[in-house]
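Given below, in the form of structure tokens, are the structures.
Common to both upcoming complexes is chain A, partnered first by chain B, then by chain C.
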Partner chain A sequence: MSTDTNLAPAMPSGEQARIPLSQRLSGLGGNARQYGIFAALIVIILLFQGLTDGRLLKPDNVVSLFQQNAYVMVLAIGMVMVIVAGHIDLSVGSVVALVGGIVALSITDWGLPWWVAVLLGVAIGAVVGAWQGFWIAYVGIPAFIVTLAGMLIFRGLALVVVSQTIRVNDDNFNSIVSGSLPNFLGFSGDMDVVTLVIGALTIAAFAIAQFRARMQLRKHDLHVEALGLFIAKLVGVAVAVGFLSVLLSLSAGGMPIILVIVGVLIVAYTFLMGRTVFGRHIYAVGGNRPAASLSGVRTKRVDFMIFVNIGALAGVAAIITTARGGAAVAAAGQNFELDAIAACFIGGAAVTGGIGRISGAIVGALIMGVLNMGLSIMSVDPSWQQAIKGLVLLFAVAFDLINKRRAGTS
Partner chain B sequence: MDTTAGPGAAAPGNTAGPQDAVDATGSDHILEMRGITKRFPGVLALSDVNLSVRRGEIHAICGENGAGKSTLMKVLSGVYPHGSYDGDIVFEGRTAEFKSTRDSEHVGIVIIHQELALSPFLSIAENIFLGNERAARGVIDWNHTNSEAAKLLARVGLDERPDTRIIDIGVGKQQLVEIAKALSKEVKLLILDEPTAALNDEDSAHLLGLISGLRDLGITSIIISHKLNEIEAIADTTTVIRDGQTIETLDMRDPGVNEERIIRGMVGRSLDHRFPEHTPSIGDEVLRIEDWTVHHPLDQSRKVVDGASLNVRRGEIVGIAGLMGAGRTELAMSVFGRSYGAHISGRVYKDGKQVNLHTVGDAIKAGIAYATEDRKHYGLNLIATIRDNVSGAAIHKVSGRGVIDRNEELKVAERFRKELNIRTPTVEALVGKLSGGNQQKVVLSKWIFSDPDVLILDEPTRGIDVGAKYEIYTIINRLADAGKGVIVISSELPELLGICDRIYTLSQGRITGEVARQDATQERLMHYMTMEKDVTPR
Partner chain C sequence: MSAVDPAQVGDFTDQQHDDVEQVITMSTSPVPLLSMRGISKNFGAVEALAGVDLDVFAHEVVALVGDNGAGKSTLAKVIAGAHTPDSGLIEIAGEPTSIPTPSAARTLGVATVFQDLALCDNLDVTSNLFLGREVKRGGLRDDGYMEATARRVLQALNSRIPSVRTPLSTLSAGQRQAVAIARTLIGEPRIVVLDEPTAALSVGQTAEVLTHIERLRELGLAVILISHNMTDVRAVSDRIVVLRHGRNNGTFDAATTSHEAVLAAITGATVRSTPRLHALR
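Right, the complex of A and B next:
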């Protein structure tokens, strides 16, 4: 990529000569890091694909990978926003148990239609988030303490609500996780056409968005990534998404509904964080709170809203968890907060706030998920699985830190 | 360069310090610093500085902000270890080569910094003996600790129990704890850096009385202070430092030495062409502040701004001069949407109409911008891009319905990069990687983009090299020419004299003077800046 200097017409040529290459490359610093996580995910997938004799990427295993890890991805979306703002949320696991219990009750005992129960779950999650956001933003109690208290409070309430396992016998509700999109377009060979179409559309949308962004940069004479790198990125994504679509289309049901839901959330929240004023304010608050405040950002409101948001997403995760099990139990959501937090940090979020991406958190969640599934297929003792995941978290963050330090001193 | 200095001021190389040392017998001096030169990357902080302190005296060091006083004391106390500077330190007749503050404390030199170094949740006694615990085999002897502490507290006149926590006593009493801690180490030379800057009048008087009392016990003190009235009241000798050089050493018993005389030494330097030419075209009043009073947010009995009134007109550049701790930043920030202080009272008029600015958002909407003196902590998001920062205070101008138009945002950032000559390969670079001057340009871009009518620029050229300063001055002039009112807060008097049309002086939170450009001299400003309520040591 270093040969591609003519594609950086940001500066008059005289001035360009004075800018050291390292500095010019650092213009894509964030991106370079991002590529690193994707690369790590691919390496881990290939590793386990080898170790499991190809069982990891069997179509039905891929589907269950998403079904099993959908909750982490949903929670990680909310958690990365909380972490970027410089907070933490330890309560999401307990919130999942409480909301899951209420949702199950509302269907079985109160006889609510499944979709009303879903809306109710998200709403209760948001109310719980508002409760915590109030103490954090407006009373000024550190989020660690408020959500630690929340972890106890909501687990306790969940035990009250769910005194015994509540079975949910609503097929519509349960198919949120287990179901697939109807394959109304038929099959091409063994492959479900709906899945392939969705895959193709995703690739096209990604390519168009990237291309437009690049054109925009060029139009303003701004530094763009080297053409080779850009094309490599497009091809890489196209191959990855294409491959995934083919795998999914070969699965028993085709396109899992849960993947569609998670995908929509990812796109929506990536837009929120990257393109909206609210998202910008989250980064500003996390990057330098006093400076944000002195720039007119209503920092307390931002704090409040991100906790309402993660509450609502915990509601979504509760629905997913309950639907997946077909039942609500008081012990649901155990350690979910730790999974979500780990996903964020593996995905490159900074403990000190201000840095972190939705895409990073999702990839972090997938790394953990692949690790889980791979180790399970290899029938590694669950105790060891946990220890290995811990080490991966530690090494991922250490690697990041060392990289950063090296970049800082150069 | 000493065109305005009086006859007493010698050329910098030929200072009074060493001559003193020759006159008096060497043994009379507890401390001699000879030819101290200290370089930081790109800056000569101290250049051949000489300082002689007689045994048992109170020796004041005076100089403008940034003259090099604190650097000199850091060299003396070993904060900058031996080898990182040139020159000799002779303490009690022996050449000293301190590697750390531990070494200097070992021989009896104790420095009390402006920011007190006490642990807030430990008791007074624990703090006094921190690192020096009264213990046997690692087990602390609490009776011994507390009784020793009580004796030391009696010596400094602090009527508190030794087991009181530091956080529960005021900053004046904390200062006394620092002195008690110094006494516990059998201090011979006590260095106090701006000891009264954060104190109210009563506490200041008590502290000065205590320092005088220590002199009677044979303890030598070096006191760094901006408060010339205090220096006049207690110092025996004063050394003036300017631009990293010793200018003169004054005997305070000499009837010819008074505040005016010290001021002349502090500011005696000529103005060269470091400022762009500017002919102001001044219009109507754009901002007026009346009877503005602000209390300290923690110590609410203390007024940090006291009945200040000032105004600025369109096209006018108004300066606010004041020494450290005079309340300049506090005044500006409290006006800027009450972002500082408690119990704020007074009135603000924008274009003749009274406005209530309760939040920063209100202030920005009213057309006021405040660029902080501390850009790293309060001005910029260093881990974000130039583009993010430039649009930070007026994101609504590049967004619709909460969605940012990145195209537009980029255009804006690019425009400012070019107009303000921000030297960077791309506006997508992180602000933390820019030089100080370029960071300051990003701060200015951010506030110019918010399109204010009044810009309050707090130390706009702090930590910036000369070339970038000139660029900043040019930007300030352009803003004024565009019909904006500009308020510049600065510690550098030549800067204010060079760019302002009118200058207010602030001292202890009060406006003590208002001087038009043609009438302003450094001496006159310094006179007003040091005009204070009378204090008498007790």
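Right, the complex of A and C next:
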């Protein structure tokens, strides 16, 4: 906390007051949108917490929220990169079915160890992605058409591979989704200590990363968020993560393995998009493809790589889906592409490309997940659930658009 | 939004000036920095360039003028490496060379601002300046270094950009042009090609861009300015090279040549001054 006192003198309240409000808000820039989506998630959680008489946030329900929605989050990570680059991928659901079928076969019929099957699944996903990436990047066929074709091709192949349900009776494999981290640190009261430690480490890592980013900005004399807002953000995240860890630690198993996997993917891809040259090039390609190309960005390679990437992530989603069901079916992954696309757009990605964030897509996926779970707990008819989710998608994007227009005119 | 903090404008110190001078090392030899001989380029049956010659020296702004379809932009794209000429010789600082790709042009010290600004609206100023040539440290982007350089380059141009983290979408047309010109200064260029930099700009913004062009000359670069606007051309250029139907149609000294003589060369009119040409002004 000593860092607070270091920061305080650089931000005297007098200086703060001189800046007109409009400028301060515009200084908030893209962050405002980001905070908005987090706020929406919290509102929806609180709403359903009330509507379900507190059942939504029962520890075991929170665990199954992550288990049920892990595939959307994994796919949304890949999808937001595709959307930022100005493309779309309609094939991920079919790829999930195909890869899921091959992974299940490789364990049951070919006798591969579960971890080899997992690697194989990711690799096949990447190969499928390379196939689609080739047509999109190097032949120049619009992604919409290539992946629409892919949707048919891979669903067809999935039906060939999985003629009937393939059961997977490998506990190691199935525990990828159903399992929890072993609680080798014991319990504190009813709480699993491993979960609490992971939560504490997450908060610490987030705070350190934020402080370092802020120091970096300050070192280069760049605009930083108001100190109050910065602290509010840290406290907000600490409370949210802390609360979540306590909930999870009270669940039957403790820390779900799947949440660790998804968490690692989120951090890795946020880093890739935010801090690497490749990430910057994805945004550039989506923002102005000819300009990026003239500037020396290898746009074709970028296009190719993001489709290889979403293919590999579809492989991960296939493993998750198969492990969760304990079986592969040819109909697996139905509408997964739509879930992932919806998550991205709720999370603030732009249809025109160039704009979108991993964190936004994840929050978008969580909003859809909480809606699903809340409505299910309230035993709302599934048909109505679908209609409600559709409306939420429409309103979220409309709200975003109206906000942007207002910001543009002021 | 458009209010500019006075503290951020115009405090361009001599020290910073020296820094930039050091970044952009110049050769001030009598040999032209860029010399093109007999450049031809056909697009199918269309003869875009037919044996064009062009010399540009350091510390010089050469205006390339001509009517629509005279081949100005094609010549610019040849210099930028976006088009390969069908025939002709290119020498840079006396060395015979070829410019097959935009990145080859960049290595040779040729920087181009294209007519349709090659900028990404969704990225900030720094990202645009370094797009395609990001500076890395330990495999990651060195954002701190790039931002510091971006600020120095913008200051060298006396440009009024509020912050190097401003997204391009919030900048005015003039500011974007400034970013596009500043982009050329990244990576030690010797020759800068500006294709219609003042098209679609307001009077004030045009004046600002013209000052930036003068700054490029002061920094010792060879500047090729392509423009339709004779007023702009006469305001900043040292020499005026006229193209007509893909051929050279006269080179004029900007300080001494009359407006009418240049216009006549552009339109192909043999008579020097007619009332109709005045009306064209």
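FYI, the second predicted complex is superposed on the first by the 387 of 410 C-alpha atoms of A that agree within 3 Å, B and C clash if a C-alpha of one lies under 4 Å from a C-alpha of the other, contacts with A are read in each partner's own complex, and residues count from 1 in each chain.
Methods note: a contact is a pair of C-beta atoms (placed from the backbone, for glycine too) under 8 Å apart; a residue touches a chain by one contact, two chains touch by 3 or more.
Since the structure is predicted, the reported quantities are computational estimates derived from the model, not experimental observations.
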item	value
Fit-or-clash call for chain B and chain C when the two complexes are aligned on chain A	clash
Touched partner set for A:355, first chain B, second chain C, both or neither	both
Partner contacting more residues of chain A (chain B vs chain C)	B
Chain B versus chain C as contact partner of A:276, first or second or both or neither	both
First, second, both or neither for A:169, with chain B first and chain C second	neither
Touching both chain C and chain B, counted on chain A across the two superposed complexes	23, 26, 29, 216, 219-220, 222-223, 275-277, 280, 283-284, 287-288, 290-292, 294-297, 354-355
Interface residues, chain B side, partner chain A - complex	336-337, 339, 359-361, 363-364, 370, 372, 377-384, 388, 392-393, 395-396, 399, 402-404, 406-407, 410-411, 414, 425-430, 433, 446
Contact set on chain A toward chain B in their complex	8, 10-11, 16, 19, 23-24, 26-27, 29, 216-217, 219-223, 275-278, 280-281, 283-284, 287-288, 290-298, 350, 354-355
Residue ranges of chain A touching chain C (in the complex, touch as defined)	23, 26, 29-30, 216, 219-220, 222-223, 275-277, 280, 283-284, 286-288, 290-292, 294-297, 354-355
Interfacial residue positions of chain C with respect to chain A in the complex	1, 82, 102-103, 106, 114, 116-123, 127, 131-134, 136, 139-141, 143-144, 147-148, 163-165, 167, 170
